[in-house]
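Chain IDs A, B and C follow the sequence of writing; residue 1 opens each chain.
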């Protein structure tokens, strides 16, 4: 009886009749968990939203006022620039760091698996903890990093990593890079492991040295992985909030303030929900564009 | 043996049925969101007390971290899922009240025989009012004072029994206590870009003789100059710009500074301190003689749409009785009621100091746009302390934001 | 072009000894095959010549260069892999020209080289395709082209045809031979397929368990196998091997029946094995009495599986032959085509 039932199930799952069901489920999921919040956010961004009317959908329509207010805010340029630096810095450094580590651990030296595991440990820590640890490491007076830099004679006085507006963004970028590198490493290591070994042997016989093999074979072959990774890292970094909130609260003087931090500040500290929603929408547009570029690049890859 | 067990089982079963019948008849529990995270929190003890004395209507409680309280309440309001009772940070009451997010408790408070407004510290009471209406009831209060390392005072030739009482004395002490070779700063406070920074700076602004309405006055500039000098002269760490109050206190506990501005909530950590310490009232500005400190703490509010307003207010009244209020000191906080005093308190000197500070503690606002005012202040403090602007310029910029806000809606009594 | 010399070459993986004391000379322009069962070390030896495996002991020289520590890129050898090992992200033209581009050959020369290789290998229409869009045979030809254009001093083939179907294999076999004839390049070809080895090589090296069993021309290996292993490995169907004892110049089987045995270095009473190829057994009235077990017509020849005295043999005859299993048959052996082996050592007892 049981076996018969299972059989029927398996047959149903194998048959093409189940496809519309699957597609329908996918569409429902998209509409509910992706579409709804996006549209809700979009609506909020063109309304005047207060605590008094936040529970209804019919709130005073204000057009693009929220957006106009944001763009006119002197903070906008600062936050925009900070976000740009933070995201590009993170995407570049996380990728390079992840690639370096992935290549490093590809060499099967004794203990490679253990060290790789240890590096991954950084990734499973919550951002709040990582923020606290890095804040402590980067402290100007008794922080470990300044202590080390001074001990090595690289600097004479302390570097005010987080408390100097000139370096605070570097400080939080550093911490976020550290946080994101393991993820990059794992994806790139998986990509590297998928590359055929004999291709490298053929290239060696063709006369390609290690550097040439890397640029002529490894990089182009990893291209799909790299595209996916760059897109994902961009999107993850666009959402970085906890870490900065813990480390600097966006300060000093908004020098480490980026869009997600600003959005939170507007919505939940200043109770300017329309403004917060407008910032979220702008972030969403950027994420959407990145996703679109990624999807297109994957599609052309497959066609060619 | 077996018979005994059977008897017990029958008895238990009967009890269970009874209990079931009783709970069916009982009123809905009072739902409460609160900030009592640690197991030792007096608030939790008081909830347990209520539940023991009111088994008919127990409190159904949920902990929300302090930093997420506003966010949770907003989400609750947006989705229509609010508790009957909530603890609110006192400076945001006016914001929630003007936007219609809190129930009006005016009549209930007037009718209450437990809650007597004139027995409360005026500052505490003021935070619960907006536009002549009562939107909350003070639950707990805290304030700021100056902790100092008595051993370090002695070692540097300062009298540990005579803490700095004036700004000049404070400057002097900070200078003497600073030891750059040993990475020791004389002074510590919190100037972070968040409400905590405003909370710590306002007492100094008030001591100067200035108010939020006179930010461009020489007095206001003097207050910000005082803080700026501490950092510029290396008498306070630049990390005051990014470290929270508890982090600055941690540094002081580790011997990294001689003095720190902090609150009574840190007293629990003082039990493990390895040096002799004292806590003194904040100093005043010479020639002005104004004593001022900050006023923190939570208030009880009933969110709009709560299903159990009457029961919630009963809980508020219960929590306002001396037996519950005086618990606060065990968690390093104070009762917001002047007339209530702990007999034989732990750390009696500290208790006396902080009660004295409560007398001069002033509320932030109340103002519905307090968060905007505070944000402008934070920016001014940070611009001055980082050297991006002079204190004058920074305060002028803040004034340009704050003055129109106060012109439209003034702060009562300012 | 170059010769290859190996002296006392060893390969160890930890305690595991894969190759021991290999001595081998490959003359300039010679085509040799390394053949043996899987695990015999033939591919490892080839990869050591290419520089893809380290050498645990001994010396390998290409031309006058001792290459033990020379990286593959400097050895000037080309290799065709069993998996083809094409560059998946490059076009056919890109694959073929990769080595030339690395050597900074001028573009015009590259174009000429690619075009001529494409013409020889019939790849002209496919130059802009990628490996993923090609059939197995086309990929194989691209791999050949990639090796060819470099004009290396040594060609190495690592079972290049084993992933192709039978028909294509025969065709490619001929193409590789033709290529070798045209280019005259020294070639070492690894295969596990003795037919491939026989048909292609000037000289065959039979390897077994990390050693060279025997080397020589295909004819030598076929006609004068030096060991039971070679006798059994070379030839299809393989040589009949009948163990017994030598008594009075004849082979005595377990049941006392006797068979003729060639003149040899064997001692009276020694345990010996008689070898005879299927084509040297024929049905002949009055011969050795046996039973037909099965008859397998292959088209050209007919294979007759027979049994006598507990021994099974295969005879291969030109003429058509039909018989039901169990039919009695009389067999005759060509007595001048018999091989004698020492059963204990497996070595030939030929004098």
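As a convention for this text, contacts are C-beta pairs under 8 Å (C-beta built on N, C-alpha and C of every residue); 3 or more make two chains touch, one makes a residue touch a chain.
The model shown is predicted, which means the values in this text are computed figures rather than measured ones.
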**Study point:** More contacts between chains, A-B or A-C
**Key:** A-B
Review point. Centre-to-centre on C-alpha atoms, which chain is most distant from chain C?
Key: B
Revision key, fill the gap. When centres are defined as mean Cα positions, the distance from chain B to chain C in whole Å is 89
Check your understanding: chain A to chain C: how many Å between their CA centres?
Key -> 56
**Study point:** Between chain A and chain B, centroid-to-centroid distance (C-alpha), Å
**Key:** 36
Exercise for review: Give every residue of chain A touching chain B within the complex, in rising order.
Suggested key: 50-52, 54-55, 135, 139-142, 160, 162-165, 168, 247-254, 265, 267-271, 273
Check your understanding: In the complex formed with chain A, which residues of chain B make contact?
Key -> 70-71, 74, 77-80, 95-96, 99-101, 183, 185, 192-195, 237-243, 247, 251, 254, 256, 305, 371-372, 375, 378-379, 382-383, 385-386, 388
**Study point:** Residues of chain C that touch chain A when the two form their complex
**Key:** 50-52, 71-73, 75, 77-79, 81, 83, 85-89, 98-99, 102-103, 130, 146, 150
Exercise for review: Note which residues of chain A are touching chain C in the complex, please.
Suggested key: 196, 198-199, 201-209, 212, 216-217, 220-221, 223, 304
